[in-house]
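One chain, chain A, links the two complexes that follow: it is found with chain B in the first and with chain C in the second.
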Partner chain A sequence: MRKKILLVEDEKNLCLLYKEELKEAGYSVTAVLDAESALESIKKQSFDLIITDIRMPGKDGIELITRVMAMRKDVPIIINTAYQSYKNDFMTWAADAYVVKSSSMAELKAKIKELIG
Partner chain B sequence: MIERHQFLHREFQQETSKELQVFSIIAQSFFQPFSLIDNLLVILTALTAGPGVGFNRAMLFLANGDKLEGKFWLGPASAEKAASIWRVLSTPGIGYLEIIAHNRSFLSSEADALTKRITEISYPLSDASPLIPALAVSSREIILVKDSWHEPLVAPHFLETIDTDEFLCIPLLAEQEVLGEIILDNAITKLPIKGRDIELASICGLIAGNYIYTSRLQRRLVEMKRAAAMGEMAMFVTHQLRNPAVTIGGFVDQLLDPKFPTAKRKRNLQIIRDEVLVMERILLRLGQFFKLQIKEQVPVDVRELLNLVTEAVRPKIADSSVSVNTEVEESLTTIFCDPLHVGEALRNLVDNALDALGPTGQINLSARRNSADWAVISVQDNGRGIPDSVKGKIFEAFVSTKPQGMGLGLPYVKRIVDACGGRIEVESEEGKGTTFRLYLKAKPRERETPR
Partner chain C sequence: MSELRKDIINGRWVILASERSKRPDDFRPAQSTPEGPPSGFCPFCQGSESKTPPEVFALRKPGSRRDRPGWRVRVVPNKFPALNRGLPPERQEDGIFQWMDGIGVHEVIIENPDHGKEIFDLPLSQVQDVLDTYRRRTDSIEDEFQYKYVHVFKNKGREAGASLSHPHSQIVATPIIPKGVNEELYSCERLHRLYGECIFCRIIRDEIRRGDRLVMDDEDFCVVTPFAPRFPFELRIYPKRHSPWYSTITRRESASLAKTLKAVLLKQKKVLADPPFNYYLHQGPNPNLPHEAWVNLEKSYHWHMEIIPVLTRVAGFEWGTDFYINPVTPETAAGFLRE
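Showing the complex of A and B:
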């Protein structure tokens, strides 16, 4: 059974890239472009892992994390962002990992493996 | 009954006491847009302005790290020169501005001879047993040196430089910091330095110390603000460029994989091309923002300017039910600005208005006289308005409410208007609309000629 990942990334091309690469790595990936769609997906089905950007139009990644926590879904979350500086933001501590976007994706893949195998 | 008095006394009365004259000169200099060095020059000037007022010569040293460095030395180089200078300075009715102007030119001419002798010298402040002049700063005490040739605590090199047997050292201090030192003497008149002179000089020293301290704090504050703005900018640019860079890198890696399906290769190349365009657009916008150069302000026909703006927006509203109206007050014909940039600013504002409207709505572009020689150009829309949470920050760089926005549009508009000597203001209510007003210089109304 493939592990299910929910990917939230507002940059269209980047979203496509992550989706393809994670599928290639053996995961089942649901990719959405904003936090609102992410919350709808979470209501409909369960995921093994959520990967989200922070800065997004509409609801941002921090708000998404807060909502997911409020729903008492026990699902690990990885923040994948272009900002290094948010690492010090106390709300990002709620996430299980903080990854700064990189084209190699090795760090992201390693964190996923660490969290859900 | 009330009496009104002015702060600035341009002239001194003959009976004004010496102390009052000195403090008046110093206090008044703080009203002037002088530099730090200028103001210190004023303090030294006040202490040396004529034979009856104070000392003959004043030397300024400023602390730089662990060194005391010579800055300038004010005073006549010889008794003959002193006579002519003091005659000028004690002319009845001469004001502090004249004295300062005199001393400023003095420093760059003949007194250079004195200043040159000390600008090259410095004394270490970190010595375990410092000699005068460093001693006054290290011990944080005022030191009066008498019979200097027989005083072992005076640095021999300094004694050769100052070449007089009595002088006063006033350290410049503030809080825990050491800022410099003033050294005063009466080498020309040979008058002894009395208790009253020392008191006067010490108060001037406190003022000078405090003044240097405040100036340094101010400069540090400006630097910190600049650094903070730079940091914020760097963070934003990093983020903006990292997304396309990561996307390009990722899709290139796929292409480099020999197992990657041929059918998808062209798609990857297209995405890479698109993302490179995104990066170029970001760099172009940043370049525009930082390189803005306003040309000369010229008379501009306000109707023509607004027409060009509406012409530019027409294709964008062709498929929507947005209407753009233009209205110019009859008596207003000419404004003064850089038409190219102000036109760009107005197009920017109209584009923002279009974004705020969506498919329907109205934009009013109008120009009217605000006063005899000021015009106000308004860009008004009945769109969604600016949220209260960002209203105070819309003219700050890198603040955007748009998904792909860099937050450079409105700061750019503001920079243009500022550079044209104008002013911009905004009025906005959520759900009702936004009005931007640009205040620019206008040609005064022509007087009606009598018939």
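Showing the complex of A and C:
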């Protein structure tokens, strides 16, 4: 059974790239472009892991984490952002990992493996 | 690992957090920061203990387990600290440039398990728990001599720098004595020589005698608006017993400070419509260090608490000159707060 990942990334090309890479790595990936769609997906089905960007139009990733954690504390969350400064926000503590985007996906993949195998 | 660098011109050290992909727009406007419950999740609420780093200290119900519910005050290391614990950093130099590794302590004090209760909403015994935790953590951190200065502070409200509304304070212990503190210590040494007594003891006596800047006064503490405040409604809480170090506070004084702090914060809330605020302790450097630089430190310095409601913005004039324009006189502010 493939592990199910919800990917929240507002940058379309990047979203597609991550989706393809993670599929190739053996995961089932639902990719959405904003937090509202992510919340809709979470209501409809369960996921083994959520990967979210922070800076997005509409609700940002921090707000998404707040809402997800209020519904399902048990789902691991990875913050995948280009920015370090969100570490100053205590809500990011709720996430299980904080990955700074880079040209390589190695760190992100390693964190995913660590959290859900 | 972050790095401390010294500005050779003004002697100020700054902490540069190690960041891999800093961008020019790498900050977020404060208004987009969510504040957590009542509707959402908060990592500081009771039941979310697994979402913080393991606690380093807690006041708990007898029989309750570490990193589980049952605590009254809980202290955890900052998950993404500005400074990291370590061995004493070596000061490095290359010509005119000086720097050192960012060694230090960065902890978060979760003041109570209830998200909606600010420090001024708590019963006095719980306010005292928080104050007692400040003392115990300061004491414990000062056992390690590489931490030269322990700074205890609280940011309440987004405009005051808090990213989460669950009431919390923070402790940052630094491997150097911050410039502002250093200047205060030196100034107190000079004034001690000039007046033959601790300048704070003198201020307390004079303010009580005059009374026009006095907001509260009891056996152990007095609250005043300082003579030359940088900000409107800036406040100082002075202990009447002279000591450079907060950690010397007695149990009775701690109970008295809890009463004073709660009362003054409630006054501030009422008069200024629940403003965001910062408060912090100013105290002497780690007492376990030799104090060659401050011969009379024990006699000349006097710990105290400063409270700054965030009512104005520090802007170009203040940044450029370190010279403040305050639209409210301290006498007027004290009058409002006494009413």
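The rule is simple: the second predicted complex is superposed on the first by the 116 of 117 C-alpha atoms of A that agree within 3 Å, B and C clash if a C-alpha of one lies under 4 Å from a C-alpha of the other, contacts with A are read in each partner's own complex, and residues count from 1 in each chain.
Quick note on the criterion: a residue touches a chain if its C-beta (ideal position, glycine included) is under 8 Å from a C-beta of that chain, and two chains touch if they have at least 3 such contacts.
All of these numbers come straight from a predicted model, not from anything done at the bench.
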Using the touch definition from the top, say if A:A94 reaches chain B (first), chain C (second), both or neither. second
Superposition-derived comparison: chain B or chain C, residues of chain A touched: C
Touching partner for A:S104 - first (chain B), second (chain C), both, neither: first
Touching partner for A:D10 - first (chain B), second (chain C), both, neither: first
Taking the superposition as given, does A:R55 touch the first partner, chain B, the second, chain C, both, or neither? both
With both complexes superposed on chain A, which partner does A:I65 reach: first (chain B), second (chain C), both or neither? second
List the residues of chain A that touch chain B in one complex and chain C in the other. 55, 82-85, 101-102
Per the touch rule above, chain C residues touching chain A in the complex are 17, 19-23, 26-28, 32-34, 36-37, 39-44, 48, 51-52, 79-80, 108, 163-164, 166, 168
Quick check: in the complex, which residue numbers of chain A touch chain B? 10-11, 13-14, 16-18, 20-21, 55-57, 82-85, 101-105
For the chain A and chain C complex, residues of the former touching the latter: 55, 60, 62-63, 65-70, 73, 82-94, 98, 100-102
Complex contacts: residues of chain B adjacent to chain A: 235, 238-239, 242-243, 245-254, 271, 274-275, 402-403
